[in-house]
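All remarks here apply to the structure that follows.
Chains: A, B, C and D, in written order; residue numbering restarts at 1 for each.
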Amino acid sequence: MKFKSLLAAAAMALGVCGLVQGAQAETLRVGMECTYFPFNYRTPEGEMAGYDVDVAKGVAKIIGADLDYVCQKWDGMVPALLANKFDIIVASMSITEERLKKMDFSVPYRVSIGRFLGPKGKDLKLFDEAGKPVAANFDGLKIGVERGSTYSSWINAKLPGATLQVYDGNEPMLLDLSNGRVDLAITNPMKAYLDFLSKPDGAGFEFVSPPIDEKEFFGIGVGIGVRKGQDELLKRINGALETMIKDGSLKEYSLKYFPFAINPDNWQGVGTN
Amino acid sequence: MSGAQPVIVLDKVCKNFGAFRALINVSLSVSKGEKLVVCGPSGSGKSTMIRCINRLEEHDGGHIIVNGHELTKDSRNIDAVRREVGMVFQNFNLFPHLTVIKNLMLAPRLVRHKNKDEARAVAMKYLERVRIPNQADKYPSQLSGGQQQRVAIARALCMNPEIMLFDEPTSALDPEMIAEVLDVMTDLARDGMTMVCVTHEMGFARSVADKIVFMDAGEIVEAATPEAFFTKPQTERARQFLSQILAH
Amino acid sequence: MADLAAWGDDYLLGTLVVLKVFVVALIMAVIFGLIGAAARLSRNRIVSGLAKIYVVAFRGAPEIIILLIFYFGIAVSLTALVQYFDPATKFVDIPPFWAGSAAIGLIVGAYMTETFRGAFLGVDHGQVESAYALGLSKFQTFFHVRVPQMWRLALPNFGNHMLSIMKDTALISVIGLEEITFVAQMATSVTRQPFTMYMTVALIYLAITTLITFGVAALEKYANRHLRGAR
Amino acid sequence: MTLDPQLILDSLPLIAQGLGITLKLLLYSALFGIGLAIITLVMRISGRWYLSWPAQVYIYFFRGTPILVQIFIIYYGLPQFGFIRGSILWPILREPFACCVIALGLNSGAYVSEILRGGVLGVDKGLTEAGKALGLSSPQRFIYITAPIAIRLSLPAYSNEFISTLKATALASTVTLMDVTGVARTLVSQTYAPYEIFIAAAILYLAFAWISYVALAWLEARASRYVKKGN
């Protein structure tokens, strides 16, 4: 007991509050980069903000826990979780096979989507009412994609008449879109918005498709990471996310940062495929 | 000077290479049908002089009149002179990428605008004249030096020139080949061609030349008949040159 | 121009990276060239055959493919190698600097092999014979007769190889080393002035290659000093 | 992880899909380069400063800078200027293929021009004098005497330059073209088998370099049939 109180004192001294307050409320330590605008970052006033932060706060509220933010560099994120430096990761971390070997993920709270960009005001009728691509209207169009990206396999499968132009990076692709060398480009809408549409260069351009969200091509999405064996915690987090998806709060969060939704539209259930 | 009209006139011709004075007030005239041999030690300006006559070198001062055309910057006169003057070089300068017959046909076709058959006929005529018609389809590199030089003479003759210039035509040849070239030149002389030869072949000079010009240090030191030049040269420089060249 | 000035220090650092790659690759190229030339001249047919394969492969394949093989490939095999000894290792990373310098060194080393070999064979055998006839040892002949004539013969090609190394450094941007071409890519994404940015890169290269050319010309003049005078 | 020869064989046909673009790039760039080289050569030997000076600047720039940077300047750099995007040249400059042909052709032209100049300078002065003495005009001398001989003298160096251009086409993948290297890089990004796929690509390039080499050697032998053997 003596040892425990000593630890508590040390923790207080270090400013890590709440470690021993567990008696009345549970505290979740959340790992994130704190520099990944606009997902997890510090405002000039020093407050944590961003989509990831909002999601973490939402989950904490529903499961009745307090939050404690731990800033961690990206390359040490997973080792730090495994070393018990924090309890969960809410840091825009994509769910991948590789990571699932070492840790568990919640259901996605952000989707992996692609979206087409094109010049404003051209009604190309690329997608029908239901949001499905009209392959014929893509015939002869030149579409910029990044080399090795998941988008190219989607286009190859769905739009046989389109021509792909393959870039080594997002930047040169968007440069060529604004120069008119490609008719369309498909990319991650968040990157496109931050790097292009919200800047003067992108003024003449807009999204010309709905968000395309197809798991078999684009992956599952971004989830909350927990250590293996924390099934109880994972269940509660998934429950919380289910609620937030259903009541629209995830959508509300995403619209705070982007003019479009980046959350999953419907509850995808627990378990990975 | 003989009474015949001069076809080549050099009047106080000067030529400098930088600070080096290659020709100093060289005056000379060659009349139609005349055979002139130019000799002198190396560096004396003989080659430079002969090259000025068809303007392979531009003279810096004086006048050169060939067949009534004065050589100036005017390219029409230069072309006219070159059409009428044939030249044979020390190193033959046959076009290595063309067969013998094509070497001969090139200029008649391009300059005289002859058709292929005419050019070929003329070429064969002169190849026979230099006694190598059977080498027509070989490349120059497949011929001996003497044969190459005879082809070069035939090539010049194909243009039907009124004057022939020879710039040391035998000095790049092995001794056993010199005779065959000199024979062709002697034939040519007998047919009445106007010839200017830079050569060290004193036997040829003695038997063929009407006049011998001895040059040294860019100047014409002596001009005389072969008879006079070889028996009693007027100047010490000529005497020295002759003793050196005849000693061998 | 104001945009360019803001990137001045990045270009400066990029230029330093370029020069570092140049020096490392040059040293490697000379070493590989000397080894290659010795192997090519070897009487052992296997050794000279291997050297021949080296020369043909590295002169015939595009530089960028060799660079990519090095960057991606060597990391994979090194990882496998290290894991063999220490299974806990997850991944061995080859920094682009070393992958790039080694690749360029090997490529240009193949060209140098031929240059050095040509220079060695270019020294008239009569020179060696007369040295022996004068009583010089093999060793003395090599250093006092062969080498001074060899380097004069090798110098013009050697200068060209130095220029090749310099220009090949631009390729390392493809594997992400932050040299000047890479700096220009970054600067372009911010300033949207690709022409200004890449032209700056070109001018920096032009300045360096000009310096190399002048340096080699001065060396050549020095090496050929005994040929002067004869007209 | 070991090298999988089967995967090399399997990837060859896939990579060969890029062969068409690689060969088209090579052919167009080489032809464009030769055309530019001849124009540049004529400008350089014209003896008029306002012609020879720009030609020398062009050669200096393109020989002193990396091809990758030249490609970037033309592909990404030129559209920085609105007037270029509005000009009649834009339909051409819009295409990555055309940009690559322009860049590679400009680069090759600078080198080939120097090679040809070496050839022209190598033609015995006596031959042009013989042409003059026969009354041939200056253009006639150039076409019938100097050029054929200069071309033969240039062929060995040109053969190296042609293979350099072949290797340089690999850089087209950096501006979106799906040539052999572009296809290979894309395959690698999907399969994570860099060794096998890049080696397969290198084999294709080597094979084609060898074919070019043999073809040009044959051409050289044909062009040299008038040169005496031995001696």
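Before moving on, here are some points about what is shown:
Assume contacts are C-beta pairs under 8 Å (C-beta built on N, C-alpha and C of every residue); 3 or more make two chains touch, one makes a residue touch a chain.
Small disclaimer: the values here were computed from a predicted structure and weren't measured.
The chain with its Cα centre farthest from the Cα centre of chain B is A. Of all chain pairs in this entry, the one linked by the most C-beta contacts is C-D. Among the chains in view, D has its Cα centre nearest the centre of the complete protein Cα set. Note on chain placement: the centre of chain C and the centre of chain D lie 22 Å apart, centres being C-alpha means.
Separating the CA-averaged centres of chain A and chain B is a span of 92 Å. With centres set at the average Cα position, the gap from chain B to chain D is 46 Å. Each chain gets one centre point, the mean of its Cα atoms, and the points for chain A and chain D are 47 Å apart. In chain D, the positions touching at least two other chains are 76, 79, 174, 185, 188. Of all residues in chain C, those that touch two or more other chains are 174, 188, 192, 194. Pairwise, the chains that make contact are A-C, A-D, B-D, C-D. Contact residues of chain B toward chain D in the complex are 54, 56, 79, 82-83, 85-87, 89, 91, 93-99, 106-107, 110-111, 139-142, 152, 155-156, 159, 165.
Interface residues of chain A facing chain D in the complex, by the touch rule stated above, are 144, 147-148, 165-168, 172, 175-176, 179-181. Residue ranges on chain D touching chain A, taken from their complex, read 76, 79, 85, 94-96, 174, 176, 178, 182, 185-186, 188-190.
On chain C, the positions that touch chain D within their shared complex are 56-57, 59-66, 68-69, 72-73, 76-77, 79-80, 163, 167-171, 173-174, 181, 184, 188, 192-199, 201-202, 205-206, 209-210, 213.
Across the complex, chain C meets chain A through its residues 174, 185, 188-189, 192, 194.
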